[in-house]
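Since the structure comes first, as structure tokens, the remarks are kept for the end.
Order of writing sets the chain letters: A, B and C. Residues in each chain are counted from 1.
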Amino acid sequence: MSLLSVRDLFVSYPTQGGPVPAVRGVDIEIGKGEVLGLAGESGCGKSTIAGALLRLLPTGTEVTGSILLNGEDVLGMKPGRLRAVRWTETSIVFQGAMHALNPVQRVGEQIEEAILIHQQAGQREARVRVGGLLEQVGLPPRRIRDYPHELSGGQKQRVMIAMALACNPSLVVADEPTTALDVMVQAQVLQLLNELQRDLGLAMLFITHDLSVLIEVCDRLAIMYAGRIVEEGPARSVFYESAHPYTRALAAAFPAIGEGRFRKAPSGLPGDPPYPQDLPTGCTFHPRCPLAFEACPHIDPGLFDVSPGWRAACLLVDSAKPVLEGAPTHGHGQ
Amino acid sequence: MRPQPTSTQPVVTAPAVHIEVKEPPRTPRKIARARRKAAAKRVWREYRKNKMGMAGLIILAIFIFVAIFAPLLANSCGLDPTCPSTGPQLQPPTLKYPLGTDDLGRSVLTLTIWGTRISMTVGLVSTAITMVIGTTIGLIAGYYGAWRETVLMRMTDWFLVLPFLPLAIVLATLLGPSFYTVIFVIGITSWPGTARVIRAQVLSLKTRPYVERARALGASDWHLVTRHILPNVGPLIFANTVLIVAVAILSESTLSFLGLGDPLHTSWGTILENSFGAGAPFAGNWWWVIPPGLAIVLVVLSFTMIGYALDDILNPKLRAR
Amino acid sequence: MSERTLPADQAMEPEGAPPLLEVRDLTVTFAGRVGLGAGLVGRKATVSRAVDGVSLQLRQGEVLALAGESGCGKTTTARAIMGLEPPREGQILFQGKPISKRLRAYRRKVQMIFQDPTGALNPRQTIYESVAEGLRIHRIHRGPNGETEQELVARALSRAGMRPPERFFLNYPHELSGGQRQRVVIAGALVLDPVMLVADEPVSNLDASVRGEILRLLLQLRDDLGLAILVVTHDLGLAWTIADRVAVMYLGRIVEIGPAEDVLTKPLHPYTEALLNVVPEAGGLDRPILTGEPPDPTRIPPGCRFHPRCPEVASGAARAAGVEERCLGEDLGLLELRPEHFAACHLAAVAVGKGQAVTMAEPQA
């Protein structure tokens, strides 16, 4: 049984001009110990999904569909049960997490808070656990007594990860955990997440706009565009053999250094990601798609099978050919 | 048979924005000006929705009307105790004297109406002085920084801690009690607050990327200040000014009440000074005390309400996104 | 539509002509503040040597990428080149003459593109006004062929890919998307017909799918107008995509510089190698990753400034090659270790057979 099972998720934000759909029918499935990457650009709805999983979206947001966490429907939970579930079964490392630390409270106390709130341990035992957590994320335990401003960006991010692990969740949702970090520190944090995931058997939902980062940590990849998943499948296949033209374009923005075909040949998409209030008809990607044809503005494609476990929402997808005809691929050596 | 993909290479398209163009545009400068006028109209429209702001504006409009048309509303002769229009002394309100009379038989209504002029004028002029000095100093200190900032800010601090009343009393004694003294005193004691606010805003604007960009383009300091910094400080200055006027009028009333104003001219403060000096509150001559006091309260309130409404509208941080 | 009308002074340089931009031993420092009490006790302000002896050259029509992590000094170098940051030492020469003498004229020829396109546009100015600003600052009312201001603005917007340009004149920045705003910033730079562009992280704030278009635009401007472009970036993938040459900076110095293909596929300096190792790809994370944080420019280590984090020192390779003492104690500049490929590394020098620790300013390329 999968740890997380999301079906038909719809999320709309209330605005002055009426409700705006941020997520329009998303299915997600994460098994125990599995790592799913969710990639997309601004306005695609990926951060909304992170908030929706634990009902952390602002009041007034309309959420429909089913979110099953270990078989329990999150959307139907009573507040008491929801609070118990938050952090103990699923925790979140937020975007801009480095700024989520209380500047006037010692770091150790902030991590303790999570443990104490869920009454998982008494004060003394909690302190010991926090020391262990810091070690696990690669920080010396004496850092418990530091204030946030005494830590660097990378160290703060490690503290946030430690906080996310405080109550031994089975699923960790990481929303842009490495975005504001330097490349070297980013690599360190990713390495840490990889190790933790392996050692603790964690399931992870890794949300980011940086597609190349996902390749390193994820088993499966899902690409979002305009509130929907447009491609999902094994990470290598999706990144290197992309079935959907949008994935192809996104992957091209992260060129492989050393590949001659990327020299002096930047490729991008014309136009911009659409605003949720103003979505094109038919396939929402067609105005920017280099392969669009007559049917595209009229038919909104669902997810077609490219091969077992790999699907893409494009009319050009033919299940016999996982690769788009005639288009060069990203990967190393086809 | 697979459909052949036709390449649709969309050119960069403009967003779906409705741009109203009234008549054929002449020069971009004229267009920009028209655009700014449209923006001003938008601000007005939003202001109209703000009940507090509208109430303040209406009250203020009444007082401005009274100040301007004072000669038509009340005979100026009524200020002169020897004028035949004066009536019996210390009379409670009657039909002939709707607000009663003071101890010299002058109509309190006439006094209050004429007092509007002085109080408003003093308030506005001293505010103008405050804004000019404060803005200039704040701009220079914030923009140039370094030694200029240090010198100016220390000076500002010095003036900031000057106690208002003792200074006023000393200056009035030296310069002689008159409204010019009052204007002067209010002017030099109020500008530090403005200078600090303006300097803070300039500091924040100075580091904005678009200011850097203009510098990289080769802009002179003058261009940067007039084209980029002032227009963005403008709304703040405007809202700040309105609140300062309120404070200035209140200060004028205080100083006049203490006897530092011009004894030959009537302002609300001097009316109160006379009435308190004659023991009106204790003798029960309420009609001599309440009208000027109420007038002060209403004017100050109106300016404050307008100021807050403007702040709500013009301050992007307060505006709900 | 590419325009091939180059003004006379932008004709291709003859061989052996001096480079367009030359930076010699540039040093930029920032002083920290010392409280009155500490100052009285004799504590000096900590000096941050953000740029500590940088020399480079840029030829006409060349794209040079200045790469490195945050705090390495690349942005400060770019700002110094733009004249926005006064150098403590060193010279910046443009077309052979120091820029400090004719800053205003220099600013007509060299333009900057900023990292944050939203911040770089005054929210109260229309697109037209933002682009025309350069013309107005330099009091240019007519173009070289008699064009009006309106025509010049339209041409700049058109060159930056905003077509039809008139449609955007009245828009305000908040009505445009990120990619469009960056194009407006580029148009604002193009309107003065510059010879050189300095682009500070030109696409890092933009959506990934939009980046390629802006990069393509920059390359096109180089091809059509002969612009020289200095790109400051932390993204080596971007350097691979558009740069002719790459300079890698660390702690205020250039540690490696050379043709992009060489530096990015056959790096000489251990730091460049470390940076390339962490570019994500499906090799998994078992590659060596440098420990520690980007260093502090107020505390520069003695000797080779990279030695505390150098994997070659840590692994003993430096000792085995006999250079460890020099790494720890002897500071060095760039050495030409392969044709036109320079690196500041004792170990690399020995490996290539040029074990001299002679510091050289970047010689004529």
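Here are a few things to note about the model shown:
One rule holds for everything that comes next: a residue touches a chain if its C-beta (ideal position, glycine included) is under 8 Å from a C-beta of that chain, and two chains touch if they have at least 3 such contacts.
Keep in mind the model is a prediction, meaning the values are calculated, not measured.
In this assembly, A is the chain whose CA centroid lies farthest from the centroid of chain B. Looking at contacts between chains, the pair that accounts for the most C-beta pairs is A-C. Distance between chain centres (mean CA atoms), chain B to chain C: 49 Å.
For this pair, chain A with chain C, the centres built from the Cα atoms lie 32 Å apart. Distance between chain A and chain B, defined via averaged C-alpha coordinates, is recorded as 52 Å. Residue positions 177, 179-180 of chain C are each in touch with at least two other chains. Under the contact definition stated at the top, the residues of chain B that touch 2 or more other chains are 11-12.
Multi-chain contact residues of chain A (touching two or more other chains): 270, 288. Residues 11-12, 14-15, 17, 19, 21, 27-28, 31-32, 35, 208-210, 212-220, 223, 227-228, 231-232 of chain B touch chain C in their complex. The residues of chain C lying in touch with chain B in their complex are 82-84, 103-104, 107-108, 111-112, 114-116, 119-122, 124, 126, 128-130, 132-134, 137-138, 149-150, 153, 161-163, 167-171, 175-177, 179-180, 183, 185, 188, 192. Within the complex formed with chain C, the chain A residues making contact are 41-42, 152, 154-155, 182-188, 190-191, 194, 209-213, 215-217, 235-236, 239-240, 246, 249-250, 252-258, 262-270, 272-273, 288. On the side of chain C, the complex with chain A involves touching residues 69-70, 177-180, 207-216, 219, 234, 236-237, 240-242, 260-261, 264-265, 274-282, 284-285, 289-291, 293-294.
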